[in-house]
């Protein structure tokens, strides 16, 4: 996973790739949390531009990170979800709580 | 199928793409023969650079075009087969009769 | 005209993507728009993942997916059955409530059925406690027709 | 450790690529070199195409492919059975002769069995006139092992 930490803005950007399903989620979860805990950023940006497929397990992944990030008084931003992923996110309540660009 | 006809050398180049199996062969065969019959070239070049997969049906396709081209007193050249395709061609007797670049 | 495919997998999460690529390859025989393919893949992914995550306690159990692509009067339909032989669903109404999940600790979003309903035209759930669950999904494909002009 | 997948297809040539992608997806669970994946795909393509081209006269007949990926003592093996319930092969020795084909008019190269033998480690042909043909293919995978250094 590519990551960029912007010191000035205290923002951490993580670039997810390929398919997010229940199988890949388990590994993704601990890697993402590892970065968040290491940098304790004010903002965490999940870049979904390269994610071609995501099902509801990805929703669970995002919701879980959202909870963690809220506890750390930071905010979560999603960048570049494709149309089907956008639809899925909007189906759930986090669609209203998270900034999507 | 992309094709280029070089008038000066009377050579016809056909660029095959993607997967060559028994399913795609049936259409490929008549298109290739259509070009050959239209241009009646001295040399026919089959460009395999973009072919990621070919099984023995492709071998049948090449053998069939080889016979047609021989009858027309022209020659057949294969360009850019990947390693597995090269292996397949070499297994058959046309491996010795056709120029492979 | 119809075309049938049946896939039987072991209940391992790594096999969900095998099912996805196979069904994608099947649908690609028709000229279906990419976003529709993605949505169908997502619905199937939900149903198969559910069988693996919820139906069984043990390994080496089976999930069976059968797909039928059929053309009736110039319209293309995709019918998919996803079946397990596991514990079954006690309360289907509750299970299909958006956000309801029995595995929140594993970060399940509880949105599987909601996504299947949203992305497919029809869903039927047939479940018996102790003997398994069968999900039927149906979608009329937005096949691009070759115009004759 | 093992993983099993079974695919049942209608005898249509367009389904051969469905089988290829599914088996490729299965093998990709192991870190197998691309050229080896291509060779396995080719061998399977030959066997499945044969069932569709030679076994049946009628449509709506079945071809069954089952694949087992198994790890024994750190070695990975792929076992694939391809089975039809068609006419069977009269003379297996003749059929496996390089260049022999009963369909030269359809530009069959007669190299299917030769390619299966070349690209796999083992092939077994089990055919009975009137009841069908079962091909077993085996390959030890050149899996890249994660080094511990």
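Every chain is named by a letter (A, B, C and D) in the order it is written, and numbering of its residues begins at 1.
The rule is short, and it goes like this: contacts are C-beta pairs under 8 Å (C-beta built on N, C-alpha and C of every residue); 3 or more make two chains touch, one makes a residue touch a chain.
What you are looking at is a predicted structure, and each value in this text was computed from that prediction instead of being measured.
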Reference chain C; chain at largest CA-centroid distance: B
CA centroid of chain B to CA centroid of chain C, Å: 41
Whole-Å separation of chain centres (CA-atom averages), chain B against chain D: 26
Residues of chain B touching at least two other chains: none
For chain C, residues that touch 2 or more chains besides their own: 14, 17
Every chain pair meeting the contact rule: A-C, B-D, C-D
Complex interface listing, chain B residues touching chain D: 19, 21-23, 25, 29, 52-57, 59-61, 63-64, 82-84, 87-88, 91-93
In the complex, chain D residues that touch chain B: 13-14, 16-17, 20, 35, 38-39, 41-42, 45-46, 49, 52-53, 98-99, 106-112, 114-115, 118-119
Of chain D, residues touching chain C in the complex: 2-10, 12, 14-15, 17-18, 21-22, 24-26, 29
